[in-house]
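Order of writing sets the labels: A, B, C and D. Residues in every chain begin at 1.
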Amino acid sequence: MEIALVLGMPLAGALVLALFGHRRWAPEASAFMSLGTLVAAALLTARVIADGPMTALNEQVFVDPFNVFLVALTAFVAFTTALFSRPYMRTEEHHKRVNSARLRLYHSMYQLFSFMMLLTLLSNNVGMLWVAMEGATLSTVLLVSLYRTPASLEAAWKYFILCSVGIAQALFGTILLYFAAEKVLGPGGNALLWTHLHEVRGELEPTVLSLAFVFLLVGYGTKVGLVPLHNWLPDAHAEGPTPISAVLSGLLLNVALYAVVRSKVLVDGALERNFSGGLMMGFGLLSVVVAAFFLSRQKDIKRMFAYSSIEHMGIMTFAFGMGGPVAAFAGLLHMTVHSLTKSAIFFTVGHASQACGTQDMASIRGLIQQSPAIGWGLALGTLAILGMPPFGVFTSEFMVLTTAMHEHWWATPFLLVSLGVAFAAIFGKVQPMVFGETTAQRQTHPPALVPVFVHLAIVLLLGLYIPPYLVDWYRQAAAFIG
Amino acid sequence: MLTASLLAALAWLAIGLAGLIPAGNSALARRVLFPLGAAVGLVLAAVGAQAAWLPPATMVLPLGLPDLPFHLRIDPLAGFFLLLLGGVGAGISVYGHGYWRSETAGRLGLICLQYHVFLAAMAFVILADDAYLFMVAWETMALASYFLVTTDHRVPAIRSAGFLYLLIAHIGAIAILLCFGVLHGGHGDYSFAALRAAELTPFWANVAFVLAFIGFGAKAGMIPLHAWLPEAHPAAPSPVSALMSGVMIKTAIYGMVRVIYDLIGAVRWEWGVVVLLIGAGTTLFGVLFALMQHDLKRLLAYHSVENIGIILLGLGMSMVFFGFGHPAAGALGLIAALYHTLNHAVFKGLLFLGAGSILHSTGLRDLNHMGGLARTMPATAFHFLVGALAISALPPLNGFVSEWLTFQTALQAPLLENGIVRSLLPLFAATLALAGALTAMCFVKVYGVAFLGQPRGKAEISHDAGLSERLGLAWLSAGCLVLGLFPAAMLHMLNQVGASLTGHGLSADALESNWLWLVPTQPAQASYSPLIFLVVVLVVVLVTIRLVRFFYHGRVRRADPWDCGFPEQTSRMQDTADAFGQPIGLVFGPLYQMKRHLPAPEDGAPKYSIKVEDRHWGWVYLPVARLAEFVSEKVGLLQRGRISIYLLYSFLTLIALLVFVR
Amino acid sequence: MNVALQLLQSLLVVLAAPLVLGWVNICRAWLQNRSAPSVWLPYYTLAKLFHKDAVIANTTSPIFRITPYVLFGCMALAAGIVPVLATDLPFAPAADIIALVGLFATARVFAALAAMDTGTSFGGLGARREMMVGFLAEPAILMTLFTAAFISGSTQLTTIVETLAHREFAIYPSLAFAGVAFLMVLLAENARVPVDNPTTHLELTMLHEAQILEYSARHLALVEWATAIKLVAYMTIGFALFVPWGIAEGGDWHALPLALAALAVKLAAAGAGLALIETLLAKMRIFMVTEFLSTAFLLAVLGMLIHFLVRA
Amino acid sequence: MAGSFSSQLVNLLAALLLLLAFAMLAQRRVLSLIHLFAWQGAALAASTAVVAYATGQTHLYFSAALTVVLKVVLIPWVLHRLIDRLNVRWDIETLINIPTTMLAGIGLAIFAFALATPISQMASTLTRSTLGIALASVLLSFLMMIVRRKAVPQVIGFLAMENGLFFAATSATYGMPLVVELGVALDVLVGTFIFGIFFFHIREQFDSLDIQHMEKLKED
């Protein structure tokens, strides 16, 4: 029942807002819808923890410890982003950058986007997973070009073309997977169902599976933003409205990585582990190193944090590539803390760019002096995302590095050098923005910074003490990933 | 014992958080919290002193990673450093209470929080017994001190100093993390007990040593990685720079000793020679650059670099002796190094607090504008004099004791068989002597220019330090005196620390000599009694005064100083700080990158200024920055903006993978 | 028993110091064939100065008035420690040679501070130059002391004297080098001719004199006296390290007259030698002192290397 | 009869599909490009129908009908209207001249066949040999997207790639379950509409559909 609620709420929200999106109370409605989804997700999580994985809707939807944690995370961040977008969108409307028609589009697409993401996470049918992922891309393309500026159009166009082409490869991979599965499970519907595939993954045909994994990795890898395929990500995350950048950076990348990990689990059965693990580690390491060196040349703040997302996705892919319970645990923890921190940073960046009227880092100065909440939020968020210890990002990076030193010691120097370079680049640019004489003006609508500090508090908590139920929840998921 | 120190650290955290309560213009933080912090510091010092004599105790907290919870451990080494942290921290907190009384409410709460989180983080660094808690505490310490350094962040120089500081601290932390990775030797457990148990092949032991040396050296302010220290310490408010210079750098020394002596265990003599070379370089570099400074706090920061060099010399010698299998001499070297760590913490803290009082009352940091402060600030002048004499390693005070012990270690050189090292050791002792004498010259310059003679700048009214400031200064100068006059007690304690770490203490008859004499090896070989020094000199002074008054008279008249016939003596005729450093500039010229601005003959307001640059910027820092810039420029080509190029990238990746798979 | 001997030795050195200074001046006068002043002239000047009223600059702080007494106290202590007449006296274990060097450093720092206190250019000039000589001399003297310490295996002057005195006469090349280096450092530290001219008050050349320019009456007397004691102390350290014969062992009274005689002979010879050096050499330019003292350092290091390589 | 004859028919249609893909690669004019795309849709629908007839899979008939409606009628009509409204100039500039693209295309086809042969031995389905052709057409349309300078041909290339994927689905595995087919078709349709909206915006902003204008977002 909860699954119906989790999926139904955002869909209903999308429809309602499609009709009444331009009304005054639309942002509140959207926030309320997201809150409903969050509550449903919480109930679902409790249910799954209580009595283990379950399927529903004649096995089309499947819930296990791995995706239920992502569902809860997605619902929570979607809710906080909705809260943040209330004042943000009103200020944008106040600045005449969006009219009410576009607001209607924005709110309905936002709810549709969260529906698509939840569907991707929950769908047991690999084909439906692809369709939902494509749906998520479609729903965000129009949002990226919401402001109709040449740059946002260019970003949206590239985002759409590159992601559609990427996901098309994923479709071919799904077809090959289905082809291999059909030989074992026979024709009919359940050859695409992940649960069946999972049981029978031992006897699947190795050559087909390796080909399928390549297509799936390239396909969903484009959505994750791994380096050779990352070019759309900085433009898309920088040009769209900030709530969209927050959700894209925070959640969509996780969902894409979820899809890659799902296919890795299947492929591991057939081939011995180092094939898929090796590929993912290679891509992950390449992303971390290249993204780190991109950072120091950035002028636009959201573009810089987009590159930082590429770097963190690289770390996660590397962690999942390494495999083993500790690395998987680290990967999951990194997914959580990265989403929370990155969305918190985008909230503060949104308010900061509105306060200073530009996203160009050279002209944002002295945030702490003008509005301490935004200034301190950005400072602490940046320090958290850079992996400074009291925060949770350091915990997962510590686990990733220590397991890497344990198994693949040659990779650690690359990781550490790029972490150092990233630290120098990002902090070098953020510090003058936070400290010094201010250039920010008073804003019309008071900034909603409660979500920022809630996120950072959770990340700080995860840094020092991971509550036991969360630990064995991650452990189950990590064991599941293998 | 361990629970007490844990409670003390948690108390500091609580005090820090309490500072945030904005009740009554943060009256709580203004009146109560800092003295409370000082009290907690004293408790910690007492616990530390006691722990030095007891066997190690361990404890596991439920916090931290699921399979690596926080391990805590207190052994004599940790006890000693807790004593250092608590003692010096208490003095500085009392001083801070007075110094920050006039701070605005909002900032005071913030400073109180960051200050006490800083102290607590240092305590946890010392207590940590597993890699994770150590790293968390290490970087929280760096973070808290970064925010303290950038309290008044409106000044661009302070911002860049803060950034440089946090960057080098982070790079150091990365090296330390890598070192722990190398140390754990392959079975995935990162608690220090496991790291100790893991035996390493010689190659990996060398790699671990190099990484630990670079990592902790970056935080201590060693030669190539020191550039942040002369920038960050002056930028911070004075109590914070005292805490950073006095105590934080010592946590780096603690880390170095813990990793090299405890975790790696088998010390090799080649490491000792490396540490000696870098230590000598650091010492000379630090003192020579200090002599050319005219900003008081920057001068003191360079002296911190110098004293770290002296500590490294002691450590290096002890490693050489341990490496060659002479544990007694090695233990003496370790004791000399640890003793100097404590001494430096005490007198550097005192000097920075003194500089803080000057800054607080006259608002001056530039020596060329100071002068004649002894008359208007007698208390600060006296305490600053005690600190200056201590740092110049003059006999009755504590600076001399640790240098004397280091000399005695160097004099054990004949024990060594290896010819080269044996003759090198005394040369290092010579550099130590040169550094000591140069420090004396530097502090004559500082004290003479700042406190004595006529006021150079516009003589605005300068009131002496407040009561609590004076209390803090008095506590630290008392520390200097006690550590200087009764070294034997401290020698026994440090011997305990050395024995617990390396299993070897000093020779038997060095220990059973009574409290009056300081005997490092045997009485015949060397002994020194500071108390007799002081008593005899005092007696002779009093007797002579009495005799002169008795036989002759005590009449005295005040008059203008001898002006050699020149009518009016202006205060500009006195030596300025740069003038005093001029012989050094001549003797050690090529070491500096000097930019001299000489006034032109027709210049209306002739002004002479000299700017001394640090060559390391050109050798180490700028090339690294240029390399990173070059690589990121090359990487930038990946994102040229054309969509067809991007499509080509994904196409080629697909084809490459397909080829690879088949 | 030993305490009496200790007091005797200290008093003797303190009182005899001006005599040695007088002797040096006489020798120099003879060598420059001028008629020599009386040997007791330093005592007269001291007495005269003690009678005068002291004049103190109005800008000075208490340090200026305390320093003469501190200087005198330090030098008296140094006189007590160095085994002038007998070894193993009560004060001997209180300090080894490194502590003695530290003591002289304290005296030098206090003198420089007092000089800076007057607030005139002479004070700064004198302090700066004196400290420069100080930091150049310190490594050199330490290396000489190390060489002697390595030979006798200890830094206590008592043990050094006993080990060197008992060994049958053998030529130690390392000690020879160290001796020359020690002599050069002695000249520099006591402001004798090649480095500084004790008699002149010419602004450009004076080092030590510039520091005590402001002192008058009893303060000046004490400072002059302290300088004299310092010269004697340096000489006796020289004797202890390089010419140790004749010093009474273990504080027995019988060997005392012999020790006194030996001391008198040695002091006379050293005073004459010093006067000879002062007449032969001229004062160097202030920045030539660096080469002078670095050669001293080099000689000392050479001596030590020889000791290590040749075991002699 | 059904088995051998229908497999020959499917192979014929597959060859036709590949030929059309090559033709689109070499095409200069937008209008004829759209016609070729329509023909490709028709070939795909025919092959789905033949497979449905041969294997008796009822849902394949429905997906063949869907393909006809979508790929043969609706999308080409929408593209026609767009081109009239935007009065797009008729010829297509390409980044690299046609002969080299053709050579690259042939290379790709050979590579696709080499890749697909080990898989097709295992395939038990009637149309196992066509997997190689499907992969080839996907890669060819990918190449077409890369070399085109105009927005419209790039979109048509993307749609051709979707055709290739559909053909792979039907040829390798008798088609995906109906709900997935519907979902994919819906996505393609919505994608086309969004492309249309984009054409208007791009024309309005850059008053030309040339992608060269959209190169400002880069690391300078």
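One rule holds in what follows: a residue touches a chain if its C-beta (ideal position, glycine included) is under 8 Å from a C-beta of that chain, and two chains touch if they have at least 3 such contacts.
Predicted model, so just to flag it, every value in this text is computed and none were measured.
Student: For the chain pairs B-D and A-B, which is connected through the larger number of C-beta pairs in contact?
Tutor: Pair with the higher count of C-beta contacts: A-B.
Student: Centroid of subunit A to centroid of subunit B, CA atoms only: how many Å?
Tutor: 44
Student: Using mean CA coordinates as chain centres, what's the subunit C-subunit D distance in Å?
Tutor: 102
Student: Between subunit B and subunit D, what distance separates the C-alpha centroids? Give it in angstrom.
Tutor: That gives a centre separation of 71 Å.
Student: Find the geometric centre of each of subunit B and subunit C from their Cα atoms only, then give the gap between the two centres in Å, rounded to an integer.
Tutor: Roughly 36 Å separates the two chain centres.
Student: If you look at subunit C, which of its residues touch at least two other chains?
Tutor: none
Student: Could you list the positions in subunit B whose residues touch two or more of the other chains?
Tutor: 636, 638-639, 643, 647, 654, 658
Student: In subunit A, what residues contact two or more other chains?
Tutor: Counting only residues that touch two or more other chains, subunit A contributes 157-158, 161, 165, 211, 234, 294, 297.
Student: Between which chains does touch occur?
Tutor: Those chain pairs which touch are A-B, A-D, B-C, B-D.
Student: So in the complex, which bits of subunit B are touching subunit A?
Tutor: Residues of subunit B touching subunit A: 62-67, 131-132, 135-140, 143, 150, 153-154, 156, 159, 162-163, 166-167, 170-171, 174, 177-178, 180-182, 184, 186, 188, 190, 628-629, 631-633, 635-636, 638-639, 643, 645-647, 649-650, 652-654, 657-658, 661.
Student: Across the complex, what residues on subunit C touch subunit B?
Tutor: Residues 50-51, 53-61, 63, 65, 69-70, 72-74, 76-77, 80, 91, 93-96, 98-99, 102-103, 105-106, 108-109, 112-113, 115-125, 127-129, 131-132, 134-139, 142-143, 146, 149-150, 153-156, 159, 203, 213-214, 218, 222, 287, 290, 297, 301, 304-305, 308-309 of subunit C touch subunit B in their complex.
Student: For subunit B, which residues count as touching subunit D in their complex?
Tutor: So the residues of subunit B in touch with subunit D come to 636-644, 647-648, 651, 654-655, 658, 662.
Student: Hey, which residues of subunit A end up touching subunit B in the complex?
Tutor: Residue positions touching the partner: 157-158, 161-162, 165-166, 169, 210-211, 214-215, 217-218, 222, 228-229, 231-232, 234, 279, 290, 293-297, 326, 329, 368-369, 383, 386, 388-390, 394-395, 398-399, 401-403, 405-406, 409, 412-413, 416, 419-421, 423-425, 427-428, 431-432, 435-437, 463-466, 471, 475.
Student: Per the contact definition, I'd like the list of subunit D residues that touch subunit B in the complex.
Tutor: For this pair, the touching residues of subunit D are 95, 111, 114-115, 142-143, 145-149, 211, 214-220.
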